[in-house]
């Protein structure tokens, strides 16, 4: 934040007071009325703003994709439907959609992927959330190793993948049902583990509550938790950690 | 049930109708007014009735221990306090108290212990519940192997005990916090696993709710769950299963 | 587990170290990427792996059924839809579907059914879950007696079936709403009772939570609980118990 | 309500307007500032107001007992402690305290008790709540039959008491833990059943929530529920029903 | 129960033992396999069994309606859909359907309606549940007064209906949202009040939980509660109470 | 309230007793049987009654709109669907529908809008609830300033709008997810803040529960909360507060 | 906010840049390390900061009272214990403690009390919370009318106080158990109602949850809710509203 | 893992098979029967095992501290009481106790502290949890900056500390009540934020549940959550992240 620089210009008269006030007010975002696009975010955190597509009215969604794409040449959106893909494609033909992860994006070609994040799942049904995490991390510049269906009910599957898992700077453990995957991995690993509960299950899983509580109560060290099905949040956080490791 | 025998005696006149009615009414229990002691239970199920000591008024507790002891020569009680021990001891000097499991009992000497039940815990804090289970099973005639502090956050501790665990006819898995022990054991074992959630933990463990939900949502096969901290229930059920295996 | 045998071969040079490492790594499952099929499971536990069909993408489901069928000549799946039946049938024409239990399976003919499991329900609406349990147990080799609509609100219906119920090695009690069936049966029986809460009900049944809590808090001895609507889990566990009884 | 009579007196001038306003305002209760004693209640409903002692400051409690006793010659209070007993006794020496039910009352001698209410409990630990119900009903003029420790885990105990239970105009079923007593009784009886969940239990009983949900989800007809441990409410309601039956 | 009579016949040889056993076993219900129709219920309680239509498979529903209609000449079902109406009509043309209450019934003409039950609602949206209650009570022989949309947020509406409400032997108070109607009515009335929470509402009403808790915690006397949306249960219970008042 | 005036007329005989009783009974509302329209409300509180459209049967809705419109020349309804719009339009052609807020109304032209209410949202997805609040306040005569998408995850967006927000007499803070908007605003403002949690979110937002709890536990002063998604309630209350400020 | 003034001084050189930065940083609070006293608050909102005493370590509490008292000559604290009173008294002898409301304060004499707030309770047990609200409002300069024990289970008590209640600019409705008081008052009043749920109750009141949900789901207009037992918050908010009305 | 090395020794005969098996079994921990001390952990993860003191029986606690101290020359324990401090001191006189954080430890002098972690709290009452986090991180070799009482209800306090906060490699945000601190910080920062909900609060905070849900539902990116009051877990995880940044 350039407050000092601005103050100096105010002192020298290079900037007058009214203008200084405007800069302080208008710099950080673009105001569409119904939305305030946070272009300043990239400066602040090194990540562009992401679009949460679920439930966005068509007109809003279209405009938001167009603005981000024009400004940045790329844009990442999560939880998009097939209909939203077609809609956005009409305005931004370069947009690409993955129905498993429900990610809708334009990505600049030739990005380098650094470091390593391991994304593990307990079962096959957890893959959509895991892919949201993995593709988010890749979009923001991380290398990702996918290790799926290694749930703790058949512990030999997990143990046989141990060497791959141990190479990562950060591990994302995605699991529904009883959600114990994160604990076992954190007990084996020496790097941070981000546990993502999923809503996979039925009955007393209560739409992911069971897995969430399991992960929060983990006896293992070095583990933290994000919201149910929040693959994006895990991917973003893992990227931050991985970035610290490779800088 | 001797309904047929009774009917035959009614037919031959060996028993008259009023007496038959009384037998049908009075046979199954002894009525103390505030309690109905189920002496018939041993005939029905092979197990005597157990005393749940918690919250029992002193006068009731004393009388119940005395009656059971007089009739059966032994008696098993759970969740007793040190004060209740002293109280009952005044009337039944043979009574023995274990402050870890809080079991208060008189046990006939020289019982044979058959078969094998393994009782495992996730941590040290789960031992009181595990001991309630183990001593219940021993009281009812089972051999028990105790395997404590083998929680899944350090999976090598559990794996190194695998051979001992696999020898049992039935395994009791006692764990609080995230409660994942049962799932990992059930994934390794080929016999029934009884999972006992404990109230060990804090915060989002919600007094055992987290471990309970984990266990109910287990991805493993061959596992079922009893109430939070219900070591007695697990020990009893394990005894029934072990009895089927050794009969 | 042949660790010793392997070590001996390593010692004699019959197996070299690299190969020994591979065996230890690759033996236990077949890796499809999105799924790791646990073929080792049958050796370990005596039961083949079961397919949880709900929510499986078509391509995955098809491949999994084909692999299991090819390897084992039979396959058991639960929670399948009519559409999934048609899909799998195109690749595995021998597959059979029961719309009540939603079981989708190929079963080798001529299996012997041993021992006895009683499957009881509180009401007619609990039958789908009960059938999932019953057919699972039959698939794994148990004889099953079905005793339906004997809920405790009309206790004479249950009492009149008492003799049939008492013959079993293990009883499965399936009930929604207030879920008291398991307690009354466990009070009468001398064998293990597996209680299955169902999501049958409305209002304060909270999708099975009421029945689940009832069963966990049962005053009866010899009862344990599985997840809401988890007929499969109950059938599997009952099979393990029955197998101990008849071996 | 004497609105018509009052209006007629206003018309004839027998009562002037200011007085009429006062009557309408002051008639229904006595205002102590911190409490408004509802003396009108007896006219309205046939029952005097009852004192809920729990948490009442000493000065308030003393004054309330004194006022009711002076006006009515009797007074009923619930959830009193031994300390409160001694306190009130200093001002109202006739007061009587029962430590089981925690009822603190003065009752006019020689009341007739009509009709019949049956008060049943699942276990011995439910007796305090049952006694609160029973003594409330007796205070308000009902005959009561106590049938304790007839929980459904030993159904023969309940069935053997069937004839006694069936004689009542209204049945109160008091139970904690899984709380299934009400359903079985309502299935047998042809009169209203009031189910009272108790906080007896541990773990997943969640302080009576389990029994409460069980009772609300009862499959039986003719059953309704009051708050956890609300013996007073059940006794009051049963009295109303019994009064309809015997009028 | 004719146990004595039967025993006498066994003694005289008029009934032999095998037959006596059969009578005791077969008398109380008709067994369709998937359902056990409780024809004995009418003898026991004075009410025929009611059909809970929701979720019943078509074949079962048809058969159950046909059997009850053949035996009793009338039948009452609740929670039926329009499709179920058409289905049952094909077999039992006399059947009548009310889309508001969702009651599907054949009722014998010319029934006398005795006593009086008042059915009140807080709002217009509670009418379906109230009609289920009212029509159930009418089917079983009660006169019913409907007093709708008298919620406590406009207390003058309720107070102006006071005289009508006070005439009843039993009052049913149906309300969603904050559910305070029952308390205010029970404070005014001197007869039993049955409170029915409804799932009407949104947000923190949690599908009726809010109204349910309000009613359970009522400060008023003489009130009890049934399950959320359980108009049938309230109507049945009110009938039992009204029957006691008019016998 | 004209009780005194009425009594005086009764005294002078200008009104006879029967008529006085009728006036007291019939004045306050119009009775349609299924609904009691509270026309008295406008006198009492200065606001006409609003129609909650959700779930109202067509016939009821039509009649209610017609009656209010005939009597008052305007009518406000909330939570209407597009279908309900078409339905009401057939009878009241002047009716106007906004699909974002789902408000269906006829509003008299030329109303003056006084004072100032600020309506803020955390995100774009909260706009429908915010519009319900804003348009309610406008309908009842307030000026409204809309300040959308100023959630606390990008605090600079909120801070830059501070001057606009501070001008209001009352602030409505609408937010889902973690719902922290109200706290930050109340910490900045010196006027009352009404917090409206929305059901926007997923996973552990539990349909708005998370935002609701956040708002109830606010560390800030001068904040209160309405039901999840209850824009109407917030708009109404803000109007009352604004009215006090401008009177 | 003096940002403009400061900028002008920076421009003229009256303030240099380093100092300007310090002012912007240090102005708003006094930093004790473990606490940041918000002296700026009075400028911002017109209210001084209040001390939440519960759980504060002795050393912190003493220092905080001393600093506020030195600076402002008065200080308001809530949820204080008798021990804390004695502690603070040793350093600030002017401090006064009320054991009912648990308010611990020094108040400057001769404050004028303007406007009117009505504070109502459902029962006697709600008085502590009501007094916290009333005394907070009085401390901040409002006149308060206390109307206690007017719960809706005896609606005539509330109706007879109607005239007093209607005179207020804002009404605080304090109630536990079923918590319906706020709805009935809001239905009668034309000013804002702040509902305060209390933890008074037992069983299914779940420590105030029942009353909280009731109030959030109120059918009445013009009502909002604060946290359970949060009398302070209600008193503060009512003061803000009253201040708008009397300015 | 030295499996390869061991296999090579087996091959050469340097290690025979029985010994190889023992090594594989005994290497990783020391077995005290009631506890399995994980000495291998330091090799695996770089952190020694920590002692969770709460609820540990005296004899166990003493022994565990002694063993760790003997082996490692230092030991870290959390949630210790003053009594436990005295107990351990008798055997390990070097032990030091901090009553705020409840940490009981022996720490080797002269450890270097690298990198930077910022530990922030919303209020003064959150300091104990924050100190547990801070001291854990310091014990494991991190530099820590403490920034307390910067809750979002007075956002200027937080904003004025922004520069200090931004310097850290990882930020721990500790907050109870509405728990919004983490979101605002994560919106400002570009490094990982670990949010720790605390049980500080009352009423609808439900012992930390409110803060937990707030944090899980955070709209900000780069934030994850640990269990309620789990300062230790946050400190450990922050250490892992900081270690990645400084390696």
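Every chain is named by a letter (A, B, C, D, E, F, G and H) in the order it is written, and numbering of its residues begins at 1.
Assume a contact is a pair of C-beta atoms (placed from the backbone, for glycine too) under 8 Å apart; a residue touches a chain by one contact, two chains touch by 3 or more.
A quick note: this is a predicted structure, and the numbers were derived from the prediction, not measured.
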Per Cα centroids, the chain farthest from chain F: B
Between chain G and chain C, distance of the C-alpha-averaged centres to the nearest whole Å: 58
Where chain D and chain G are represented by their mean Cα positions, the distance between them in whole Å: 38
Inter-centroid spacing, chain H versus chain C (mean Cα positions, whole Å): 41
Chain C and chain D, separation of their C-alpha mean positions in angstrom: 49
For chain F, residues contacting two or more additional chains: 154, 188, 203-205, 209, 212, 216-218, 221, 227-228
Chains touching one another, given as label pairs in label order: A-B, A-C, A-F, A-G, A-H, B-C, B-D, B-E, B-H, C-D, C-E, C-H, D-E, D-F, D-G, E-F, E-G, F-G, F-H, G-H
Contact set on chain A toward chain H in their complex: 44-47, 50, 169, 188-192, 194, 212, 216-218, 221-228, 233-234, 236-237, 240-241, 244-245, 247
Residues of chain F that touch chain A when the two form their complex: 124-125, 127, 148-150, 154, 156-157, 160, 200, 202-205
Footprint of chain B on chain E - complex, ascending: 3-4, 7-8, 10-11, 13, 17, 20-21
Contacting residues of chain H [partner chain F, same complex]: 122-123, 151-155, 159, 177-180, 183-184, 186-188, 201, 203-206, 209-211, 213-221
In the complex, chain F residues that touch chain E: 24-26, 28-29, 33-36, 38, 40-41, 54-56, 60, 197, 199, 207-209, 212, 227-230
